[in-house]
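Below: one structure, written as structure tokens.
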Amino acid sequence: MDKLLNIWLASGIYNLGVGQLIMIVVGLLLLYLAINKKFEPLLLVPIGFGGILANIPEAGLAFSAVENAVHFQSPELMSKLSAVLGLSSNEPHTLLEAYYNSNASTHASASLLVQDSGYSNGMLYNFYSVAIASGAAPLIIFMGVGAMTDFGPLLANPKTLFLGAAAQFGIFATVLGAVGLTSLGLMDFSIQDAAAIGIIGGADGPTAIYVASLLSPHLLGAIAVAAYSYMALVPLIQPPIMRALTTKAERQITMVQLRQVSKIERILFPIVLLLLVGMLLPDAAPLLGMFCFGNLLRECGVVDRLSDTAQNALINIVTIFLGLSVGSKLSADKFLDSTTFGILVLGIVAFCIGTAMGVLMAKLLNKMEGGNAINPLIGSAGVSAVPMAARVSNKLGLEANPQNFLLMHAMGPNVAGVIGSAVAAGVMIKFVG
Amino acid sequence: MDSLISQGLSLMIYGMGFVFVFLTLLVLMTTLMSTLVTKYGPAPVAPSTRKKRVINSPIATQASYKSDDELVAVITAAVHQYRS
Amino acid sequence: MDKLLNIWLASGIYNLGVGQLIMIVVGLLLLYLAINKKFEPLLLVPIGFGGILANIPEAGLAFSAVENAVHFQSPELMSKLSAVLGLSSNEPHTLLEAYYNSNASTHASASLLVQDSGYSNGMLYNFYSVAIASGAAPLIIFMGVGAMTDFGPLLANPKTLFLGAAAQFGIFATVLGAVGLTSLGLMDFSIQDAAAIGIIGGADGPTAIYVASLLSPHLLGAIAVAAYSYMALVPLIQPPIMRALTTKAERQITMVQLRQVSKIERILFPIVLLLLVGMLLPDAAPLLGMFCFGNLLRECGVVDRLSDTAQNALINIVTIFLGLSVGSKLSADKFLDSTTFGILVLGIVAFCIGTAMGVLMAKLLNKMEGGNAINPLIGSAGVSAVPMAARVSNKLGLEANPQNFLLMHAMGPNVAGVIGSAVAAGVMIKFVG
Amino acid sequence: MDSLISQGLSLMIYGMGFVFVFLTLLVLMTTLMSTLVTKYGPAPVAPSTRKKRVINSPIATQASYKSDDELVAVITAAVHQYRS
Amino acid sequence: MDKLLNIWLASGIYNLGVGQLIMIVVGLLLLYLAINKKFEPLLLVPIGFGGILANIPEAGLAFSAVENAVHFQSPELMSKLSAVLGLSSNEPHTLLEAYYNSNASTHASASLLVQDSGYSNGMLYNFYSVAIASGAAPLIIFMGVGAMTDFGPLLANPKTLFLGAAAQFGIFATVLGAVGLTSLGLMDFSIQDAAAIGIIGGADGPTAIYVASLLSPHLLGAIAVAAYSYMALVPLIQPPIMRALTTKAERQITMVQLRQVSKIERILFPIVLLLLVGMLLPDAAPLLGMFCFGNLLRECGVVDRLSDTAQNALINIVTIFLGLSVGSKLSADKFLDSTTFGILVLGIVAFCIGTAMGVLMAKLLNKMEGGNAINPLIGSAGVSAVPMAARVSNKLGLEANPQNFLLMHAMGPNVAGVIGSAVAAGVMIKFVG
Amino acid sequence: MDSLISQGLSLMIYGMGFVFVFLTLLVLMTTLMSTLVTKYGPAPVAPSTRKKRVINSPIATQASYKSDDELVAVITAAVHQYRS
């Protein structure tokens, strides 16, 4: 009979906390948005599902062996553990607090200790360690993205790189916003947190995850969710801003057909970019290095086997585990607090500012070019969010003038935005990392 | 020894019991779900139509650029696969 | 000259033990069954080959660095090692015994010690640690299986789930058998061993390997081999039982064409199943969670890239290493003893009982539905062994009535059996894990 | 707190500054590179021609052997993918 | 203002050492050879790119956490570190020296220590540890190679195996050369180094990398680069030697069409080879075991899923990381010294001797067969370098006689050379490993 | 130094010796194997026929269900790839 009781006492429904319930609903919501509304499904389906898994009571899928051991606290193990951590009390929160702040070797011995009692890391926790904590997954995905990126339009019109630069203002403005909210006492962000939140404005998933994993892992879940959700919302967020900042005449400007770009230029560009990064900003070398590597695999034309694998099997495999790993950060205790709300608000502000600055920069360039060369609508594509943002520019262009196809012109700033936010990421890692 | 037998017995009783309870609940919830779906959901889609799915191939990303919205859709869809 | 002698003294043929010879023959037999008789070749080819590799004398491919060091015992290293393990003697068996029973940190320091002397883990040992000990491989394969599973027939006729439940009786009956043999003194199984052996009756490879790796890793080799071999033998094992328990009239029952299942039902089912598992049996969450995840990737229709990778590149890669890792458990010292024989006997008993109970439950359901709605032959498919068991039902149906196509009706209980054994696995992990 | 603000400010100033400097240099170097290439490099290749690339498939390695140099090229190319 | 200074002081250009500059140029050269001259691009593109990444100043991508910590030496961390390493001084070189020579457990604690101060392994260093230090990557690639290898021609004419044996003489002659240079005081190679260098003559990339990673990891970069470059140069290196050693009459010999080989022979051959390796040379078991496994997957005909994955997705993924990892060994401090020059010279000598011995052995066999059965040109294919060497034989044969198609006859010795060098590798690992 | 030379020499002698012994044995065993196979084995299969192999594609698992045994075979074969 007691066995029946055990089952009931160990069941999810009996142990379901309100936080977990909410987070499961959030996970279902993400799945709904991904599947029905096509919100970046490649990432949000795994993230949403991982979020649900992470909040199954008693399963402890998102927790380390030590966290799980503390959850099911057997007295004598707790006292051994507090000994290892050099504590007097066995109070769960004290134990976890000490564990989180302990140095690497204490960390290791704590893990070894609880493993002897048969506790082990949750599945998602292991995925997170291998995929994200190691830094591997975002870099490998960035390699695949590089292998999928065509720099042709950028090479045909290099000055569109300035649009990619201007749009990054959203990132830094948001950093300022985050520290502002903190000094107003509304939030409590460190400068690292602020930097990680700002990168949402980069509109670049892997970059955001990479920076967050380095600067403030505890915010990674919220940051990744915000980044991908807002990218999906680009078609709603950008148009009003773009209309507000441009005149009909400007929106009607048609741009000259882009020149043909030679194969050798395509091959040399990733190498030039790599050397520039290496010489100016070593901290951005992992991110942009892998990006350039992927692009070289694509363009060099002699390793199509590798290029195809990088943009298919490999990136798909890594995406599955990256998504589930991000989901592991959606466990109630880590996700549910006011900071998440602050992050969501700041994230959308970042997007809006980035969009606005891109458009304004485009207007400026247009003026400098005599007022009829550059359609300001392509400026908004500088936030990256490839190719969504470029398609938005194209759509508004067609609205203003049915013969006005801007997409290829917008692809330039679009990929420039990827480089821009990777550079911004490097600067932040260097200054506050 | 006896305790081992008794452990085995209770494992069998509670195990089979639980399996049946679980699957019974699954039957109920599945039936409920299907009823609700068929009642309020959209008209059923023949699975055969699902074959039409195109898996965007990266080859598309290598297409030469033309200001042709059809083509453009393909190009960008492919790039989109992983651009954030 | 001594060099020639060295080669000879270090050659496999000189060091070949009878046990290793037998196991190499067993490996060759498995390859023969897999290649000529098509016994689950995807698993048994790697398992058989891994089994041969694991038994190459002196190569130590299946052993840890410490085991290899003890095998080539250099005196002073042995004394250092016994010091680390806190022993007085250098006697090999004592050392290994102590090593196996030592706690995680002692384990780690022993490994570090022998590495300094240039000993390292065997290739297969590393594969096993990464693929199985971590629990990853069976879960990833289960994800791929989910992505290959069509729940259509089950959704069209949910009560076939009861057949999947009944067939699991084979699992628990076998547990009882195993403890019975032990209390008769014929065998020496712990309750964990018994549970792991019982799961063979689940007729589900990844589930069996997952449970065995958690409950009794030392039996994993025999359990995996038994599970996959018997699944391949389903067409021989089931028919006599099915004929014995059914009348010709019953076998001739034709079932009504299944209704069309809508896309949205297909999408919701894995989510419903996940929530139910999460609420009732958290211990089954990793296994069924990954299964549902794979199925959602398949059905949601917006992440075909991921679904295709999950059911091709990823599952193939993992299968290669899972197979070789299981093979590493076929080393003579671990595989060759009476328990293996006991496991093989108990395994087939489990299959038979499961089949019988499935058929009987189908007869019961048929009675409850008025005696002409459900063909009892589909009950045997409840053991899973997808799709073999379902094809057997179909074959016997056609025998009885050439117009009687049962395959699609049998696919329901067939996939229900997968869920059923995963649930049974969760119960066992919770009670004796 | 104030220090936090000032940190944020300098991060913004130097960050944006650096991003612009970096991308300006990239514009210059890219333009330079393109000029040199178009001046001294070979005639540009239309990307469309790049579609012709054949990805050697291992299937070729299973081709039955004939003393036919055409076939041979295919066979060996495929094997070559990984033979050292 | 100081921030600007910081950026400058931390920039790559400011910290660029002459060694790093040279190595970046070397990396660019490798990319040029791979892309424009088609030098083994699948390996040399990743290796070259990895080499550039490894030499980006301040990025430390190729260094361990400890090496990076020592590079950016903060005083108090250095003193802690020297304490862990049991030193009195904080002098960087002393610290690194001690770290390299410390035992495994000290190594581990040093890493844990610096991690507490936020230093971490470089990206390429992690790739190297996972892919090469573990031994996994070369073995997995060898499996894929096995799955791509057709033993048909070899089975049709087994005595061509002798040509594969003779060509290995290049390996051992080079070992002798290396120790000779050392005893002349021109170089300073240990016997392990000499063995690893000799294996370049095996003309087999994965084998060379595997042996080098076991016998002298510090030379791995130079050895891998030499091996792949010379393989690409086979069409230039071999013909003059082949012409010098053969008469026009010999080159005109046409060989009889090879017999059809049955499927069952193809299936049995990898098993026979495996058993022979296991019985005679366990040290070659990992390498040849995986090779045979891949070939069995290919030939058995029941696991095409696995065979296709082994020769595509899996081998491509592993190649990407193997290449980048090898590149990490091209960091200036590890690559730039006279030994590298010596290795390049010895490597080409090895190729030439191997080629010559293969041809001479072919002449001998031809004599024994009556002087008109075997065209000596196929002997040079015994060095492996599949299929380049076989195509060279074919080309020279056509020169001498436009009807003389030798390619399929040369494929026999060609694959025999792969087996031969793997056996030679096993012997070296056993004697000096 | 001398010892190094002698090490190198013996490595060469025993190494080449072993390589030849090994490959000679392989020649013998291969020849023996082929003889036995051609003597007792089934008639040789032309490798070309091996091209017919179908690699079961998961797409098949999405086929809509009909009570058609041909189709069924395909469906189930695909599912079978990984069901245990």
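When the chains are written out, they are named A, B, C, D, E and F in that same order, and each has its own residue count from 1.
Simple rule for what comes next: a residue touches a chain if its C-beta (ideal position, glycine included) is under 8 Å from a C-beta of that chain, and two chains touch if they have at least 3 such contacts.
Keep in mind it's a predicted model, so treat the numbers as computed, not measured.
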Chain hops separating chain E from chain D, counting only touching neighbours: 1
Interface residue identity across copies chain C, chain E - same or different by half: different
Most distant chain from chain B by Cα centroid: E
Euclidean distance of C-alpha centroids - chain E vs chain F, Å: 24
Distance between chain centroids, defined by C-alpha means - chain A, chain C (Å): 38
Sequence positions of chain C contacting 2 or more other chains: 3, 7, 42, 152, 280-281, 301, 305, 308, 312-313, 319, 431
For chain B, residues contacting two or more additional chains: 14, 18, 46-47, 50, 62, 81
Of chain A, residues touching chain B in the complex: 3-4, 7, 40, 42-43, 141, 144-145, 147-150, 152-153, 203-208, 227-228, 231, 257-258, 308, 311-312, 315, 319, 384-388, 390-391, 394, 405, 407-408, 418
Chain E contact footprint on chain A (complex, rising order): 103-105, 108, 134-136, 139, 267, 271, 274-275, 277-283, 285-286, 289-290, 293, 296-297, 300-303, 305-306, 308-310, 313-314, 430-431
Residues on chain B engaged by chain C in the complex (per definition of touch): 1-2, 4-5, 7-9, 11-12, 14-16, 18-20, 22-27, 29-31, 33-34, 37-38, 41-47, 50, 53, 55-56, 81
Touch list for chain C against partner chain E, complex: 3, 7, 10-13, 16, 24, 28, 31, 34-35, 38, 41-42, 45-46, 49, 52-53, 56-59, 61, 109, 112-113, 115-116, 123, 126, 312-313, 316-317, 319-320, 324
Touching residues (chain side chain B, partner chain A) in the complex: 10, 14, 18, 58, 61-62, 65, 67-69, 72, 75-76, 78-84
